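The structures considered in this document are given below.
Common to both upcoming complexes is subunit A, partnered first by subunit B, then by subunit C.
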Partner chain A sequence: MSITKTKSYTLGLRCRECLKEYPIQPHHVCEDCFGPLEAVYDYAAIKKVLTREKILSRKHTMWRYQELLPLDQDPTVGLEVGYTPFYRSRRLAQTLGLKELYIKNDAVNFPTLSFKDRVVAVALSKAKEFGMNIVACASTGNLANSLAANAAQAGLESYIFIPADLEQGKVLGTLVFGSHVIGIRGNYDEVNRLCSEIADKYGWAFVNINIRPFYGEGSKTYTYEILEQLGWRAPQHVVVPMAGGSLITKVKKAIKEFYDLGLTEDASTKMHGAQAEGCGPIVHAVIAGNDLFKPEKPNTIAKSLAIGNPADGYYAIKAIKESGGWAATATDEEIVEAMKLLATTEGIFTETAGGVTLAALKKLIQSGHIPPDESVVLSITGNGLKTQEALVGKVGVPELIDAKLSEFDRIYKKP
Partner chain B sequence: MSVIVRVPTPLRKLTNGQGEIPVNAKNIAELIENLEKNYPGMKARLCDDSGNVRKFINIFINEEDIRFKQNMQTTVKEGDDVSIVPAIAGGKRL
Partner chain C sequence: MPKTRIYITYPEKLIKEPVIYNVGQKFKVVTNIRSATVSSGIGVIGLELDGEQSEITKAVQYIKDLGIKVKPIEQDVME
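What follows is the complex of A and B.
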């Protein structure tokens, strides 16, 4: 690849809670206080090398911001991921009464049509640096697809653990890549607990468990792209879907990093979180004014967001509050309506999670948390082709006719 | 009432390496106090300065998170399984 890095800018890992420092290793929990570990960067050194010009000179992938990702060597997996479409909405903006609405569309991310390709690219590149040859994950679907595909391309063996009731599109879209897929009789939180045990026992690279401090950083590139594509500017609002809550915390981090590096001049974006009403522990805590969330038992068609005990829930609540943002949930019916609205106004077929996000945006406009004359980015992070079950019987059926012009004339005149 | 408490690896330095400890208690608050008596230092690892269970620790009784029950006041009875698990990424059942 064209980017050549002369040095690593990652200094080590540090506990977000007690600040205890650790070397770079496949390890994600502080031994003292059980807080999460995160990568620490040498920002002073990055500031000297990462300019707008440098970024603009690079290939259109997520790796154009490579210095801000926790690798010690050049990436080896997912080299073509990222730099997805970002554009100003016309028809949806008009429908919602918004003056300046943008859509960041990771429903067409490469290779597996969701933002998870970003985190997996970093996680698998890192796992290879660590010399780990078996990669694994606990997933609600999109991560499963992405890990399976990227592992196949990288020639890594993969084990994927999913709740047994996932959408068929997501199951098939994982099996096709030759992964070992294990369906668990239970919900995602139960899958995750089992995977923590397996990670401990077998020492595999579980991307969202022991590789988590590296993995999570990949999603910052979603926001770097928004900032660059908006003309090196931070929007006034961004609406983000939340499952484990990691993405919204990385939106916050990415905005701050670009500002601190002098790449943008503003970092006052209000971050708004979206969850399903049937699984909304983070939103419910924000609305109740609590700093901590209470775990919930998921019951929603938005299966990719159905995490009742979100690993980053605490920090997601904090990110929303500190930014001055707010949060909203969507019922199953509202999710389907919003999926149809996005499709019929913008030609984007998003998955249920995207329906949650748009439904939440509508509510946040209604409640006055997003004023109509301010700039808003709607985060679309997954593709509707994977969750077709949600729309079966809700978008009508084709009209059936014989192959005769008179037949068509008949039905065309009818309405 | 004697219940079995499963202790995660990082806390076993305090329990002489034991992963399962019998503890007498009638609720979670008392269970933590009694753990502290037998294994000094345990409470500081499990609870924050105000005495609440740390944000990144989950406690399960028979596979059910105590936050679905009555938190520190959740009663325990003879034969219950209590697990202490780090919360990150869903936690660890040991």
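What follows is the complex of A and C.
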């Protein structure tokens, strides 16, 4: 545990629904109304210390915005996470007919190549503050990798619950870090229920259950970086992949916080949500004009977004609507096409979630929700090396020749 | 005795049914509604069930059999 006691700017937890207040503790729902608990900050105090100059003077990691994260001490886990590349696209922008397109690339986030390293870094630092030495999560992919790796570096024991039939490749990428990996037999609902019960019974730091109010805050840094890297400006549009719907609500929160703190001059970004057609409860609700979503049974190659009953779905719908944004889904074919498009125009190999996001962007341009002359940020949140099976048989095969110059001459077609 | 906390999601055709009243009549459980939201044909209720585990299990099954979705209040935690 850190011995440096920095000033804490987190005042407590508060229910998003009935506003009942709770102390800072590993607890995620309101005892009265079951509403989610959220960290509350002393923004007046933060405004006095967190200036552009202060941020610029700090290391290039997600912790340069430390005051806006719910820790009471300096972070102790995931110290190198974040500050991933952000740049203006030329070739993809041209292909899409967009004047001003930017890409925020968490496919190269450290250490496990997805934006989940941000949330896990906060969750595990918080777990250590609470004195909890066993950390856990239920995950089919990115979260499992990230929790396992960050726990290993922090010297924390970790338990990771996965469905019994998860592919070997994904299991390996978690086991390598020395986690206890437990496969659960049963349908999706049963697996979810068991995880909630284990979190309840054992009192471990279950990052996306009892540590969720702290965990979720970590993803705000993805957006703080966008705002800073764009020159302390908010883009007119951002397209965000959605699973549980947490990331997009934190995009909204981060934009508002930077504006309220005077770090940016505008907070009118339209937020657009992206999901797979085979698991799109949030998008389907937005398009139907509903405030509530209907749970769906996932059937898509975008496994990292396959959450049929999203915990933050209600708030994601609200965030999209209030911002004036819209939403779109992508079929499996459109996902693969978009993954190839990003790779061939920008040299970025994203996972299926990135394919979903780019495919949705294409549709939002076509439908007129994103005008071609406005500034757009495309959120790339995961790496293609993790979901290679999605492209097997879809990107061709190498040509084979004997080791003779004449053989190469034969197949080489002059441009 | 642990209490069971769930969200139940109603389809439009069941919104007028006294489901929770019936649950309290048919099973030895205390029902306690914590939140309720209805919008465009979907109803979501946050419900606490208190009683013997076997009665709660039967009550939950009864609700499911009516075609109502029953989920833990954490919703999907496998991400």
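As a convention for this text, the second predicted complex is superposed on the first by the 393 of 415 C-alpha atoms of A that agree within 3 Å, B and C clash if a C-alpha of one lies under 4 Å from a C-alpha of the other, contacts with A are read in each partner's own complex, and residues count from 1 in each chain.
To be clear about the criterion, contacts are C-beta pairs under 8 Å (C-beta built on N, C-alpha and C of every residue); 3 or more make two chains touch, one makes a residue touch a chain.
This one's a predicted model, so the numbers in the text were calculated from it and none came from an experiment.
Colleague: Between subunit B and subunit C, whom does A:G289 touch in the aligned arrangement: first, second, both, or neither?
Modeller: The second partner, subunit C, only.
Colleague: Which one hits more subunit A residues, subunit B or subunit C?
Modeller: Comparing touch counts on subunit A for subunit B and subunit C gives C.
Colleague: Once chain A of both complexes is superposed, is A:G35 in touch with subunit B (first), subunit C (second), both, or neither?
Modeller: Both: A:G35 reaches subunit B and subunit C.
Colleague: Between subunit B (first) and subunit C (second), which does A:G82 come into contact with in this model arrangement: first, second, both, or neither?
Modeller: Neither partner.
Colleague: Per the contact definition in the header, classify A:A138: touching subunit B only (first), subunit C only (second), both, or neither.
Modeller: Both: A:A138 reaches subunit B and subunit C.
Colleague: Mind working out whether A:N208 is in touch with subunit B, subunit C, both or neither, as first, second, both or neither?
Modeller: both
Colleague: Kindly classify A:C195 by the partners it touches after superposition: subunit B alone (first), subunit C alone (second), both, or neither?
Modeller: A:C195 sits against subunit B and subunit C alike.
Colleague: Identify the overlap between the subunit B-contacting and the subunit C-contacting residues of subunit A.
Modeller: Residues 17, 28-29, 32-35, 138, 188-189, 191-193, 195-196, 208-209, 244, 292, 294-295, 309, 311 of subunit A touch both subunit B and subunit C.
Colleague: Going by the contact rule set out above, which residues of subunit A touch subunit C in the complex?
Modeller: These residues of subunit A touch subunit C: 17, 28-29, 32-35, 137-140, 143, 161, 163, 188-189, 191-193, 195-196, 199, 206, 208-209, 243-244, 288-295, 304, 307-311, 313.
Colleague: Under the stated contact criterion, what part of subunit C meets subunit A in this complex?
Modeller: 5, 7, 9, 34-35, 37, 39-42, 44, 46, 69, 71-79
Colleague: Spell out the part of subunit B that touches subunit A in their complex, as residue ranges.
Modeller: 9-10, 45, 54-58, 65, 67-68, 85-94
Colleague: Give the list of subunit A residues in touch with subunit B in this complex.
Modeller: 17, 28-36, 138, 188-189, 191-197, 200, 208-209, 212, 244, 292, 294-295, 309, 311, 314
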